[in-house]
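As written, the chains take the letters A, B, C and D, and residue 1 is the first residue of each chain.
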Amino acid sequence: MKLKMGVDIGGLTLKNPVMTASGTFGYGEEYSDYLDLNRLGAIIVKGLSLEPRDGNQPPRIIETASGMLNAVGLQNVGVRAFIDDKLPWLRGIDSAIIANIFGETIEDYVKVAEILNDAEGVAALEVNISCPNVKRGGITFGSDPALAGEVTRAVKDVSHLPVIVKLTPNVTDITQIARVVEAAGADVLSLINTITGMSVDIEKRVPHLENVTGGLSGPAIKPVALRMVWEVVNAVSIPVIGVGGIMNARDALEFLIVGAKAVQVGTANFLNPGVTADIIDDMEKYMSEKGIGDINDLIGTLKI
Amino acid sequence: MVLKASASFRESLPGQFVMVRMTDSNAPFLSRPFSIYSVRSRGGDTFVEILYKVVGKGTDIFSRLREGDAMNVLGPLGRGFDVPSTCKKIVLIAGGVGVAPLSFLAERCEKEISGAEIICYMGAGSSKALAGLDRIEGICSVVKISTDDGSRGHPGLVTEFFGHDMELYADNDSRIYSCGPTQMLRSLHKLLKDRPVACQVSLEERMACGIGACLGCVVKTKSDGLVRVCKEGPVFDINSVDFS
Amino acid sequence: MKLKMGVDIGGLTLKNPVMTASGTFGYGEEYSDYLDLNRLGAIIVKGLSLEPRDGNQPPRIIETASGMLNAVGLQNVGVRAFIDDKLPWLRGIDSAIIANIFGETIEDYVKVAEILNDAEGVAALEVNISCPNVKRGGITFGSDPALAGEVTRAVKDVSHLPVIVKLTPNVTDITQIARVVEAAGADVLSLINTITGMSVDIEKRVPHLENVTGGLSGPAIKPVALRMVWEVVNAVSIPVIGVGGIMNARDALEFLIVGAKAVQVGTANFLNPGVTADIIDDMEKYMSEKGIGDINDLIGTLKI
Amino acid sequence: MVLKASASFRESLPGQFVMVRMTDSNAPFLSRPFSIYSVRSRGGDTFVEILYKVVGKGTDIFSRLREGDAMNVLGPLGRGFDVPSTCKKIVLIAGGVGVAPLSFLAERCEKEISGAEIICYMGAGSSKALAGLDRIEGICSVVKISTDDGSRGHPGLVTEFFGHDMELYADNDSRIYSCGPTQMLRSLHKLLKDRPVACQVSLEERMACGIGACLGCVVKTKSDGLVRVCKEGPVFDINSVDFS
């Protein structure tokens, strides 16, 4: 049986629902020795800002139980260097290339989106709204419904590309934010970004991270991600991409079954750089075993 | 620990490292980086050896493994030491298990640079912590030992010991290589900072991916800002690192 | 050196800072075969409601990576049966007995608090505000600052006991709730309760829990709990008790170092019923090694 | 799997269980419950044996353990089977590894009830899944085998097989004991529901603590609502359970 693995999300057609999560797959090339990048549904690159950024001082990462905290601080080469130095290589890959963007003001987001309008080879934007808004006292865009809506609308107004908005889990009611972002014009939602956490070195009595707090990722957060995806799928009508703690096909399938149209694999890439290819293989195996010919027939089939 | 690995490891360079993780276990969660101590081929198989010290959760778990247990080994990774084609004196300065990549380097230098004298300064907390001593003694012309507690060799820091001898190594025909705790490398940096001698050091930082993707392992450099230890390093010219 | 392990929290003196978390230690007696209960700083019993409750249908628990989800649904014998059947036995234990209480309306909380006023042997109340308010459309008391303040004030108004309010982590800004609850008169805060999560059986395509979602606990959530405790310690001036993922003395020490005056051990009791005694022993060992004679000299000593 | 355990296990009753967990590892996270298959003393040490089937993550990890690995074993836990002092026919109905507590029970009955005939109906998916067969054959007067795929013995469900014979066992001088998948116990319940014969079953439910504290393991009963399998069970009178 030939399996149909393709999914449509907000005007974008992916050859399969497996994407790599922003910040965990570099600019793609870092992984080219470890798997055939052409197999991926999409590659989402490290978050891009208007100007290059240095990020936080080390130590930037620390392991936790079934997870890790990172405080990389959004270090990146900047959107222009991405287009000049990284994108040409990525154009050679037959997989959707998605640019993850962020800013400290709404104008920053808008400018990055505008610059990417002219960049050939970018299939969509993913807007990371888990960043502090420097103009509004540092509250993150993603934790305030009004701000989340504003930044979404601003990017949608200028961008020619499908716009995915990536939600933060550090909120009381993620469906509220999801609905506002949908109303503001987002084509797709992706969730979750990392959960803020902390870890302490009891010998030195200092935080393990120079930045004090960091973002928790990995299998530890999967139950929370899955719950939020399920809540959001039931609250909006645009497609939802599931992210958070996916280590293998079984984990990915849980997200599809609750209703995610696609998934992103993050931290798992660090433990096994070829993991996404394994996930696609094992997903196909599961479908064959269950007699499911089209992945779309699996999506959203949770029985309650 | 000796790990059976893929044939690609035959190309390993001294100073390169591996990322090691237990297959099918989330404890420890992240892979752990270790310098390659040796690479050997036997009966068509390739074996990578690492020398490690138990300092925390991961190394504790590794120390309780038994023959035949399955590990995931990624590598060889990073930038190794530059090995010159000719050189009179190769000086190795090792702190603790920092001897591992230097031992691999010494083997290579002995084979590839004819007529070079290889001298090793080896320091550790106490005589018990002098892991890998026998092997490096077998390769180097001289091994000069120091221990913090004076239980063997020169009592005190290895950098002090080296400092006394420093004048023996002419800037233009010697190469210095070092690996050890950051504090030790910082002292070495101070000792050498007014001299144009070629010195490379191998740095450590916490890593998640080991392949340049996560940006977790950065270190401050003098001219390039924060760079990745796993990709631009772990070997750096001592003068390029910002030890402040 | 004789170590001083006692701590004062909101008028209550504990012989040491190690407590057992509500819902994870039954009514105490279940653990009497496994450790000397007199060693504990405090025992917090399973949450009590006005009337006995059956709780949710099984399956109620499922394991996750370094954690577990539970949807016990607050099954309990009811406050009166607790006083009649469980408390007499607990009075024989030389450790503070704390009653965890909850309700579906503010009146429920008030009635339970009033009934416990007359119960000899209860040292304090812990008010679980992670429950849905049935009168206000099911929004949980703990995720709405106004409701959280209201229920706190209502309990304080009637209770003669020190009142600990237990905060939920499922909020955007836990410091906001913490400040409101402090202003409403709470003597102590404890945090965190479980984080809402979900897990799916991909063979049957059903949720693993009959209740669909459940509360995530265990080491997976420790980084989140520690971050929230640190945030709250810096936001209020009343004592804070740290809860979430504590498995051993090292974990407990992290919470004390960031500023918690005491800790609660939850899920760890399931894996090793004698774990709290080990934690106290190892905490003392750490103090001896570091030359810290009084546990209060360790609390809040994080260097930033 | 044989576990070295504390002497307190010598008092174990058939039907009681243990909670098992790997020392110093969070995978699997929760302890797993297993019925006690046997308890033996040798040279002052007590050994608890369990018989298990690999069905998921935890049992998969356990199956890859090697001799000498450290486990935490909590027990003996729960309420065991009631063993009568006299009885003519003891009928055991086992589904798969459900044979484990029944085998322990049969040993005990053989020792303690003189003159009782012990008959075992043993069902499994296929002949390969008939674990523990040899031992129980050594104890029982008769072992009647059935397999779903007909690869050995009666083809079909064990409850069907037992159903055919049911009239052989008089209500007043027989005792029935059963352990197996819930679906099987449900069928047995249907078969027996009009008869006053004494029948006890051992139930399974996911557990966290095993000692009655977490309220995770409840099962529906006819008159007491939701009760804990680990404390009020795992052995219940079949008529007290609400199988609907």
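Some notes on this structure:
Quick note on the criterion: a residue touches a chain if its C-beta (ideal position, glycine included) is under 8 Å from a C-beta of that chain, and two chains touch if they have at least 3 such contacts.
For clarity, every value in this text was computed on a predicted model and none was experimentally measured.
Identification of common neighbours of subunit B and subunit D yields an empty set. Taking each chain's centre as the mean of its CA atoms, D is the chain most distant from subunit A. For the pair subunit B and subunit C, the distance between C-alpha centroids works out to 47 Å. Taking each chain's centre as the mean of its C-alpha atoms, subunit C lies 36 Å from subunit D.
Each chain gets one centre point, the mean of its Cα atoms, and the points for subunit A and subunit C are 34 Å apart.
Touching two or more other chains at once are residues 64-67, 218-219 of subunit C.
Residue positions of subunit B with contacts to 2 or more other chains are 26.
If the chains shown are joined wherever they touch, the resulting network closes on itself as one ring, and no chain has more or fewer than two partners. If you check each pair of chains against the touch rule, the ones that pass are A-B, A-C, B-D, C-D. Per the touch definition, subunit C reaches subunit A in the complex via residues 64-67, 69, 143, 170-173, 195-200, 202, 204-207, 212-213, 216, 218-224, 226-227, 230, 245, 250, 253-254, 257-258, 286, 301-304.
Of all residues in subunit B, those touching subunit A in their complex are 21, 26, 28-31, 72, 74, 205-220, 225-226. Against subunit D, the residues of subunit C that register as touching in their complex are 23-26, 30-31, 33-34, 46, 54-55, 57-68, 70, 72, 75, 218-219, 267, 269-273. Against subunit B, in their complex, subunit D makes its touches with residues 25-27, 66.
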